[in-house]
Amino acid sequence: MDYKKIITRVFNEVKAGENQGEVSGYIPELANMNPEMFGVYLTSLNHLEVGMGDCHEKFSIQSIAKVFSLTLAYRILGEKIWERLGVEPSGTAFNSLVQLETDKGIPRNPFINAGALVICDILISQLKNPKTEFLAFLRETTGNKELSYSEKIATAEKSVGYRNVALCNFIKSFGNIENNPEAVTDFYFHLCSIEMNCEELSKAFLFLANGGKTMHNNQPVVNTSQAKRINAIMQTCGFYDESGEFTFKVGLPGKSGIGGGIIAIHPGKYSIGVWSPRLNEKGNSHRGMKFLELLTTETKLSIF
Amino acid sequence: MDYKKIITRVFNEVKAGENQGEVSGYIPELANMNPEMFGVYLTSLNHLEVGMGDCHEKFSIQSIAKVFSLTLAYRILGEKIWERLGVEPSGTAFNSLVQLETDKGIPRNPFINAGALVICDILISQLKNPKTEFLAFLRETTGNKELSYSEKIATAEKSVGYRNVALCNFIKSFGNIENNPEAVTDFYFHLCSIEMNCEELSKAFLFLANGGKTMHNNQPVVNTSQAKRINAIMQTCGFYDESGEFTFKVGLPGKSGIGGGIIAIHPGKYSIGVWSPRLNEKGNSHRGMKFLELLTTETKLSIF
Amino acid sequence: MDYKKIITRVFNEVKAGENQGEVSGYIPELANMNPEMFGVYLTSLNHLEVGMGDCHEKFSIQSIAKVFSLTLAYRILGEKIWERLGVEPSGTAFNSLVQLETDKGIPRNPFINAGALVICDILISQLKNPKTEFLAFLRETTGNKELSYSEKIATAEKSVGYRNVALCNFIKSFGNIENNPEAVTDFYFHLCSIEMNCEELSKAFLFLANGGKTMHNNQPVVNTSQAKRINAIMQTCGFYDESGEFTFKVGLPGKSGIGGGIIAIHPGKYSIGVWSPRLNEKGNSHRGMKFLELLTTETKLSIF
Amino acid sequence: MDYKKIITRVFNEVKAGENQGEVSGYIPELANMNPEMFGVYLTSLNHLEVGMGDCHEKFSIQSIAKVFSLTLAYRILGEKIWERLGVEPSGTAFNSLVQLETDKGIPRNPFINAGALVICDILISQLKNPKTEFLAFLRETTGNKELSYSEKIATAEKSVGYRNVALCNFIKSFGNIENNPEAVTDFYFHLCSIEMNCEELSKAFLFLANGGKTMHNNQPVVNTSQAKRINAIMQTCGFYDESGEFTFKVGLPGKSGIGGGIIAIHPGKYSIGVWSPRLNEKGNSHRGMKFLELLTTETKLSIF
């Protein structure tokens, strides 16, 4: 399989096509992104690396970071975390409160905001210095010592984050948040503020293609069963209310962020980071979705 | 991989464990099933066949038949069918009307009852003698000339099928049913009445592990892309409100029926039919779920 | 209080104003109504009668008939009817199925379609010839021997009544419909087909202003407590999702129909029928609402 | 009408009956109330006053205070307040977030928590010292200089008030809260902390029976139209998800609080305060509801 050739062709095809959708405008740091940015980076288990376009430009990975927070909580507590949240797709928007009312404060999965807040709460309860230790975990997993929070973005998130504050207090009212809602949302806003480029993203997630072990130092981040299960949750819940569509069209586990980033993983083969800021109406990168759909169509390789 | 050994061990382990849950009681034909029945049958692409327990006892495959009706409609009309229904998990019970009200009569996916009714409507519009032609398709695909509807079950379904009649008329009120609701529900009730045993089930679904082609005569039932996409929909929507859990624990595309049957597919490898009538609270076979979870754990093989 | 003078002035003011909204278009018999029709008729307990405009033109009273069916069922069974439906405003549209799913088939009140269907079912169980006996009750209560169903409208209702068929089968699936759904919806469609003019409407409802007794022959239709309670339900549930607004602006119990008719009752004083076909976005007569708001503002008389 | 005799008889009858339900336990100040407390106090426009039982014991009026905050906001801004909230019954529990999601942050009415928070926000925007000025308004309206907040209760409310904080931030996320959510909820928690006894309650609300004017100094609190409209909203929305039931059984506008208090108003006649801490499952005083139902049944006087 000549990935490089296929990626080049598909990248150019998508770049030549219309760049539809809108850049997220809820904070200036996202609104001001150049909507024409488009990068992809694939890293395979057999050491192939292919980067195209703006693959070395940093961007706010936003919700993609929820996979890392889940990973750390899962590593620390194991299956016990599922006492406090589920693994089912929500069937509603990423920030909906409706389902929580029905389900008495138990979020459907760790990738909707409600679930990510519960994961943050778990980490705060488990870690002495949650923000510092989480960053340390991220740097260790990725082998990238320069990853950091963007205080500017975290502050901007907080200034408009009323719905997340609402979600956190709502879950607290059901007893499923242990810590102070302000501490939980502060951690959450920092989580969302992490910046990476496509190459970093691709490499950071390679452990999920590799049975849970990092490639750079062959250390287990999580065990094989946990890695499979994280992939499974990405498959059913990684794209908000478009998870079914992504599974249908792309056929790989993945996770999107409102900054226009997407990570997709082919277990046993590769991980690929894609970035393009314009979002479709479901909040996922228009070009990112398009690129990945064509990629798995052309390679004829998906998990199905 | 010694599938036979692993299947034997797992089968015996599950059989030795507690047989929890309740047999579906809404029609006598289901209520009267022997709750201790338990069978599995695996057919692999490299001609391995392993059967255990009551794998040659016929049972009502119920909702599993929705995969066949989807397949036929997809084969006839291609991607056009998605104008009338989606591929997203519903986040609600299999027979919920709530989502339809929000989504103006467009069912979330072809495996909730609402979506299966729309697929029936499509087939009625496309076929001259829908019931006869559907059966012919099923026989051809499976290479099994004896498959048939159970008129007794279809009649029983109809006698208590008020919610399905409600669903069909509700969708019709939005304009997304073309034919007479009575004709649509009649076809639907017949669809649900089909009886198979685990071996038949396993063999009938082998085309989805085989890129869309039958094994017995190497004919394409659907094309490769369609086969992958049917698997993808099974992955996200095959187990009602427990689809995420099944993906998480088993890691294979599959579909369950209220008669206690489950089909699961490992693309490129095998298909496996499992049957045990006692259902968990989400309406899926207790032993079937358990068996498949242990199977993919022991074989360390899932799609993730 | 010079009702005649006030009614004349208010009628002319509303007639001079813009005639907003749309005539209901779901069946030709409604769609073809002259949108400029506008009539009012007040009958007071002290024998005042004031009619204006098109007050002698017949129109389809539609949902207003639900007050009569409730009255008859209440008279026959007393408080026992509340075992099968409630008296709470629904907070949703008149034909919503959502609430029924939550409340397990118990309609919120007798004026949403679901509740009216349950009332029809009750009457079918209680009466030998429901349609004939209901008409006899209506003629006796109103002293008007010419009231009748419009078979043309009933047939038209049936031809597009899929959502009502859905509602009826849905309730049946919860066990809260005793009879055949077809019989229940047939009765329901006939109920909706009754035609009256404003004068007839006003006189037919005078018993609710008169403690439950007819004016023409001083016979109790229901007892005083029941009459008060029917008024109370009209107050909280008579205008679908605009009941609060009507209570707020008009301050009288009342009931609207999609044909553009409204009945309002001032207990101890009068009943008034109003008709104008153009509906606001909540499905209530634009001019009817406006007229009644101005009437109670000018007379400074409401129940509050 | 010998109100005193009837009240005495009904009071004794209810007191002799079983005292069902549970005292609200969410803060110690409510949980520790004596569940056997039971008082009523009626004040009529023709200077009759009848008090029974524990009518001079202070209790936390809780949500009943929402009528006062609505009154003040309505007096200041007039009909303009309805741009930010509605007058429709909600059909859901008092603290539900579901409806807000559908209605984009516009609360259904001023008596559900969401609506009361919006009213608090309006008052904060309109007043220099909201808490002080609100108290001054309350003292002036009631002629009672001793009314005050209970800082103890306000603090307790705040310590468990996560759902109200959630509601406030949720509405803010839709842009329908102008001020800092912390300031809004602080005002709200103080509002809920006001303590009165039945006599004070009865006298404080007499202006709503008197066309908007106080009895003690004949000053307009609001104009007559506004007074009627406040009564109308109490009628349709005063008892959360039991408003229809209260209208049906009692037939008077009223408002309940989770402290077990109820105020009911017969426009043109009287206002009556009732208190008994045990609540039915809808959160309204069991004995209070019972007493008022019997009172209007025995007097044969309601607004219908």
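For clarity, chains are labelled A, B, C and D in written order, and residue numbers in each chain start from 1.
Criterion: a residue touches a chain if its C-beta (ideal position, glycine included) is under 8 Å from a C-beta of that chain, and two chains touch if they have at least 3 such contacts.
Predicted, not measured: the structure shown is a model, and the values here were computed from it.
Q: For subunit C and subunit D, which third chains touch each of them?
A: none
Q: Tell me whether subunit A and subunit D, two copies of the same sequence, contact each other through the same residue numbers or different ones, using over half shared as the line for same.
A: same
Q: Can you work out the whole-Å distance between the CA centroids of subunit A and subunit B?
A: Spacing between the chain centres: roughly 32 Å.
Q: Averaging over Cα atoms per chain, report the distance between subunit B and subunit D in Å.
A: Those two chain centres are 55 Å apart.
Q: For subunit A versus subunit D, what separation do you get between their C-alpha means, in angstrom?
A: The separation of the two C-alpha centroids amounts to 47 Å.
Q: Please output the residue numbers of subunit A that touch at least 2 other chains, ranges allowed.
A: none
Q: Using the touch rule from the top, collect the residues of subunit B that touch subunit A in their complex.
A: 86-92, 99, 108-109, 224-225, 227-229, 231-233, 235-237, 241-245, 247-249, 251, 253, 267, 297, 300, 302-304
Q: State the interface residues of subunit C toward subunit B in the complex, per the touch definition above.
A: 96-98, 101, 162-163, 165-170, 172-173, 181
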